[in-house]
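Before I ask anything, let me first share the structure, which is written out below as structure tokens.
Naming follows writing order (A, B and C), and every chain is counted from residue 1.
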């Protein structure tokens, strides 16, 4: 589904991604962990081209996509993203946020879009907030709306950039539950997170990054119980 | 008791004589603002473009207009433009006012657009929106909302600036005050009349802008 | 900043106040005009007329004109104010034994400036009119001219009667505004003579009314002036004099004396010939 080959990115002189290779199969749930500054968010943002890598290749569904391509917006219809800071549109209601994608980008008729919107809101447990504005709901609720919004585009893969890092601890759970359900339903997901519970519970594969490189990858069981690399071990000691 | 040569008791009776001029002041103000808004928005978008070719004219326009007095601009546009194109007097004056307003409104819009969180753009893009669509649906609406307070201020300035059109034969409040004032030899009294008119108009405008601000804050409420 | 109720009440009060006062029908004509006239004999003992002494003590006679009225008062290439009015002023000052200070300012603000005491006299080709006599006093005339209509040669207009419904440019505050109105034309006010000439040439006004002498001078000077012509005779005769404050009697009397001398001994005629190509404008 997604293949990243020898990706290299610099921010000015700073080399943030060094020869990164990853691949994500359909229906796979891949979790990327690592310290701040390890490049994991940057890697994620390169996959949907919010950041441009200077070297390397990215293949989506077998086709190479160039960072300067003219049809990036078309690719992004298939690669959705959920952000750390939600990025809901404040001037639109919750429902309007969710159907913005389908109506504006896919030209879906309004009635059909509204139906889809209500369905998705129900799925994330927020049907009663359909006509509220983002300013009126909690952080956890905002993130769930963001997930519904991303889902409305029926993407082939969903990227999650530290989706719970900006939430108060008691609100984290409700979001992780939604994400777990999605994983169980077979959505292809790439998740950057610090929430080990999710990694253990839902991930098919865990990737550990440090200083721009992939240090180790494997099943959650392997990584968490028997990490091979010394740096992996050190990191896990810190957070577990 | 100081013997001032002015007769303030006649002031109220002269109010009605300025109705037409007040209406004209309102008209040129509104037209000047509308033209300014259009020019301002276009210029702001050009200003934030990544292409230097597009940025150039926008920067030039803002620099020139903000760097020279309105009166000078009015004279140049009013007396200069007509040598090339056959435009009526009133239109020349309105163009002068509009071009002037535009430069300031451009900076207001630009500031507002650039103040919108980057995440908004990213969210729009990740939904598959093109740059144009994201600008139209997500960025600009939020930027407009943020522009209202400084724009409201600019509107009030525009209303007062309209008085400079008196220098190019537009028979708005100020010129009419001078005309009636000199034919009745009661200049100061007429100035007071016109002062009250301006105060009334700017006050009403302030109230209206305040109402607009309140309306737009609906989506910011916390419950 | 007043908000909500406070602002609302203020606006309403102002509106109500003005409407209420408008309701009282008042005659806008200045019934109180005489208050400014200090020539009340009963108070003469309290108001000493030191107008002449004031000028002599200061050693300067300060007069004012618009500075935009060639060939009477205008700026030359060295940025000095020159012209018929200025030369007349210089001569008057000389005979008074003082210096001349010729200031310039917007035409329609001059009477107020005079009344506020900024100048001793207006010496800028101001015509004697009934309205003006209500607020200032005039010396004897120092020259005569009149209102003249100018049009484009290609307009085919030869007579002022043809101007009905058309648009005439005048300088704000000049007596010619009424002349334009009397012809049934629309009045378009401008800041200065030169601007009106430009607008007449580019066609945005159909005619211009100004002093005949100014017209002749303007048509000579401006580029394209050959396309302009005088239409008809003088619309109205005017007598130009110096304006002083109504209470400055001593000053006015002295100025009258000097002007009469200048008329009699030919000085005024000489100045006139200098500025008006040999014509003597100082006689009716």
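Simple rule for what comes next: a residue touches a chain if its C-beta (ideal position, glycine included) is under 8 Å from a C-beta of that chain, and two chains touch if they have at least 3 such contacts.
All of these numbers come straight from a predicted model, not from anything done at the bench.
Centrality by Cα centroid goes to chain B.
When C-beta pairs in contact are tallied for every pair of chains, the largest tally goes to B-C. The distance from the centre of chain B to the centre of chain C, with each centre set as the mean of the Cα atoms, comes to 35 Å. Averaged C-alpha coordinates put the centre of chain A at 46 Å from the centre of chain B. Remark: chain A and chain C have CA centroids separated by 80 Å (rounded to whole angstrom).
Contact of a single residue of chain C with at least two other chains is seen at no position.
If you check the complex, the residues on chain A that touch chain B are 48, 50, 72-74, 76-77, 79-81, 83, 85, 87-92, 100-101, 104-106, 133, 135-136, 146, 149-150, 153.
Considering their complex, residues 117, 119-120, 122-130, 133, 137-138, 141-142, 145, 218-223 of chain B touch chain A.
By the touch criterion stated above, chain B contacts chain C in their complex at residues 3, 5, 7, 9-16, 79, 82-83, 86, 88-89, 167, 169, 171, 175, 178-179, 181-188, 196, 199-200, 203-204, 206-207, 210. Chain C meets chain B in the complex at residues 3, 7-8, 10-11, 14-15, 17-18, 21-22, 24-26, 28, 30, 32-33, 35-36, 38, 108-109, 111-112, 115, 131-132, 134-135, 169, 172-173, 177-178, 188-191, 195, 198-199, 202-204.
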